[in-house]
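Next come two complexes built around chain A: one with chain B, the other with chain C.
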Partner chain A sequence: MEKYKLGKVIGIGAYGIVHRGLNLETNQIVAIKRFYTFDCKNGVPYTTIQEISMLIEMYHINIVKLLDVISNTKNEWYIIFEYLDLDLEKYMVTYLKDSMEKHTIKYIMHQILSGVMYCHKHRIMHRDLTPDKLLIDLNASVVKIADFGMARAFDFPLRAYSPEVVTTWYRAPEILLGSPVYTTAVDVWSVGCIFAKMLTRQNLFAGASKNEHLRKIFSIMGTPNERTWPGVTSLPYYPAGLPEYYPENLEEFFPDLEPAGVDLLSEMLCMNPARRISAHRALQHAYFKKKKRKEKKEKKMMILDPIEEEKEEEDDDDP
Partner chain B sequence: LIHKETTFESNRCLSANACSTHNENWFKCARLSAIKWILNTRASFGFRFSTAILSLTYFDRFLSRRSIDIGKHWAIRLLSVACLSLAAKMEELKVPSLSQYHIDSYSFESNVILRMELLVLNTLEWKLDSITPFAYLHYFITKFCDSKPKELVSGVTE
Partner chain C sequence: MNSKQIKKEESEMEFNFENPFQEQELKPIEWLFETETQFMAAQGFFQNHEARRLRKIAVKKIRQLSQNGGFRHDPFVSFLAVNYYDRCISSYPLPVDEYSYGLFIISCVVIAWKMRKSGFYLPVFLETNRLYNVDYRQIERMEHRILYALKWRMRSVTALCFLDFFISFYNFTDIQEIATFKRQSLECKLLHMHYDARFTEFKPSTIAATALIAERPNIAPPPAFFCEPLLRCQYLNMDELENCHNLLMAQVRSNDLRTYLVPPSPSMDAIAEVEDDDQKRQRSRKRMRERGLV
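For the complex of A and B:
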């Protein structure tokens, strides 16, 4: 740890404290996650093992980089991450004040989906995507996915995973309904919710309890049935006696959003996970295709300046 | 992936050449007994077979980078425990506490196992998310035959 200087605390989690820090050799500002001493009974926590082993092999511009894992003889553990100014939650409050920044939202969405696609290609589900887990580098105008504490490597066929994972408001319906098996589609749903939040700065589905949340989703996306989602009625938490809601027209919720955007959002918020759009296909959606001259002029005035054109994925090894 | 695999393999070959035949014999026996212990423990905890295979890949990768002195059976056993515990943490939903691992003639304190876990993690550079053939098994079985994939899988894994 001589290489680093610990600064002020910037976050506290279940397994440790995150400090701002400084690499004394390079003068680079870093984030340092300091672990509580591991309890001897269970050894190194599985969450730590899973998070580090995943992140250590991920190299993508839209995923936060793990720089170092350091231990000392006193059984203290530190993970060094690259440091980023702020998260999307705070960014929305501070910078996305009016809904004029359509191009910025598109640009952010493209980056989130690129990061998510990279994870999915490397058979990793994040499972807990929320605006405060998306970090933003204002200088480079880059969005990075962080906090893989809930992430999990998956294999085929998909098997049962622990049910309660994603923060409720961004949680996919199949998890809320208690489906024992779920897929990368849960991340796409979360990104859809984040998209909606950026557009209106409000959560599209916000219920105080799980049931209220489900009802809220059904009331907008329509109550799922065996025809739209085979097997849904036999899921453990499928609520009995809920009204048969019909799907609402999403356009009405997002009057400022271009039609292609509404279409992409509805594909990402498809109730049936099997029919939900994949991150890979979402990136090829018409919403990301057109780039008008006018928007390019507009971008210069924005704080998150989308100068870079989207980077092409370089490796295509499928899992 | 292929690149990663080849770099690991080449490292392994180098250290294997360095070993003399006498050492090799001892390690072969030790490895065999480690496999036996891992498989037995897998069965008693009800772990998946893939967990046992994964722990064995950690075991081999560890020994390709560090050596254990000849005759130190306890070290081999401690390494097996740490590898199996780590593999379980990567693969299983329920993980036993360290004291639940029964190690026939040796008794290791939990904090000793913890230290070994950390040594393995450091030696493997925390790269535990290895792909084993199991990741592809189900896919190929469903491709190749339509009937009774379950029975076939258990046949293959054993």
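For the complex of A and C:
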């Protein structure tokens, strides 16, 4: 640990404390996660093994990088991550106008979904996506998903998972209803909630308690029933005697959002997790396609530039 | 061509609304095929007779330790632990003395348990397996060595990761039918191949496919029924598949397979000596007769 200087605490989780830190050799700001050692007789803590083995497989521009793993003779474990001071929550407050721009929101959403898709492709669900876990590098215009403390690998058969994951406001209905098994769709729901928050600066579903929160979701997305979500009524916390809400028109909540955006949002906030759009399909959604067309136009214009053209020809000549 | 095929497959997937789980729809499978070789034992290592003999001892011990970790039996634990053993021992120098070697095997199982079960508790594990003379500090040091040797890549890509993907090539409609097919392939063939050192030369995907196409006792459809669908899979190397299948069939003919169908006895001594093969076979036959399997 001589290489690093521990700074102030920036986060406290179930399995460890995260400090801001400094790499004394490179002057790079890092995040240092120190795992709690509950019992020294248990060897290397299983939380440490599970989390590091998961992070070690991930290399993606939209996911924070694991830089180093350090342990000492007292069986204390530290993971060193890359760190950025700005997160999406702070960004929305500090850069109020910039962050409300339509193309900025689209750009950020695309990056979040790319990171989420990468995780899902690598058999990992984050399970706790919130704006303060999305770090922003303004210089490079990059969003990075951080804090995989609650993440879980799903490469083996799906089993019952602990219900108490994901900060309430971004929590998917299947978790709230106590479904014993859930899928990568929980992350897509959280991204949908983040999308809504970026558009209006307000949480679309904000209830003070779990039941209040559920009622809020139902009142906007409609009360799920056996037809829209087979099996929902037999979930442990399916509330009895709730009024039967009809789905609201999301357009009314987001008047400034283009129709494709509203469609994507409604697909991400689909109550039935089996019918909810996947991160992979969300990235191919029409909402992002327009951006691609623009890029193509730019490329065409670049090709018209004689210098570029020459370069292209040279490239073509290469065997 | 390859990428075109993949794209085609992806676009076809989009229309599949029957699929209940998102991750299946996402098909992380391509990535699995790309990385599977990184989770294999070093090529050629187990051609050495002594290496094979030691592995046999290790596998036996790993299977015993995986039966009892203070939790319900989890078949994935022994599967992972054998994989850690293979990768570690084929790429790094062997622990010299017998005690460290035993410690190394135990630590492979401990890490596998920790990967599978949150709440794993080492003292309970040592006690239930009557490993009274093993100190937790020694285990911890060995865990460090293994974790660093394997560069923390403990989420191994094994043959199990490919089973569901390959099964999706068959036109099964009944969930029960799929479950039976999977269980038979796993219990009859796949576990056997995983525990036999000679199969460490083959890719996990090849082993999974072989387990599915191999003949089954007392099942009506001809072997072609099992073989045909997998011939369409672009990721499989058919020569390799044939070699793996031939090796398995040679063993089935020599009746080697039966010994693996019986779960090991839960009793645990320090490091068990390898039994004489004939003696072992006789004992397992007797046990199978008792269970009415033969």
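Heads up, the rule we're going with is that the second predicted complex is superposed on the first by the 271 of 319 C-alpha atoms of A that agree within 3 Å, B and C clash if a C-alpha of one lies under 4 Å from a C-alpha of the other, contacts with A are read in each partner's own complex, and residues count from 1 in each chain.
We take it that contacts are C-beta pairs under 8 Å (C-beta built on N, C-alpha and C of every residue); 3 or more make two chains touch, one makes a residue touch a chain.
None of the values given here were measured: they were computed from a predicted structure.
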In the superposed arrangement, does A:231 touch chain B (first), chain C (second), both or neither?
neither
Between chain B and chain C, whom does A:71 touch in the aligned arrangement: first, second, both, or neither?
both
Chain B or chain C, by number of chain A residues touched
C
Is A:44 in contact with chain B, with chain C, with both, or with neither (first, second, both, neither)?
both
Who does A:120 touch here: chain B (first), chain C (second), both, or neither?
second
First (chain B), second (chain C), both or neither: which does A:53 touch?
both
Kindly classify A:180 by the partners it touches after superposition: chain B alone (first), chain C alone (second), both, or neither?
neither
Could you tell me if A:278 is touching chain B, chain C, both of them or neither one (first, second, both, neither)?
second
So which positions on chain A get touched by both chain B and chain C?
41-44, 46, 49-50, 52-54, 56-57, 69, 71, 123, 153, 155-156
List of chain A residues in touch with chain C within their complex
39, 41-44, 46-47, 49-50, 52-54, 56-57, 69, 71, 75, 117, 120-123, 153-156, 158, 183-185, 188, 273-276, 278-281
Within their complex, state which residues of chain A touch chain B.
38, 40-46, 49-50, 52-54, 56-57, 69, 71, 123, 153, 155-157, 160-162, 317, 319
Which residues of chain B touch chain A in their complex?
1-2, 85-86, 89-90, 93, 95, 97-99, 109-111, 113-114, 117-118, 121-122, 125-129, 131, 134-136, 138-139
Using the touch definition up top, name the residues of chain C that touch chain A in the complex.
14, 17, 19-23, 25-26, 28, 31, 76, 110-111, 114-123, 136, 139-140, 143-144, 147, 151-155, 160-161
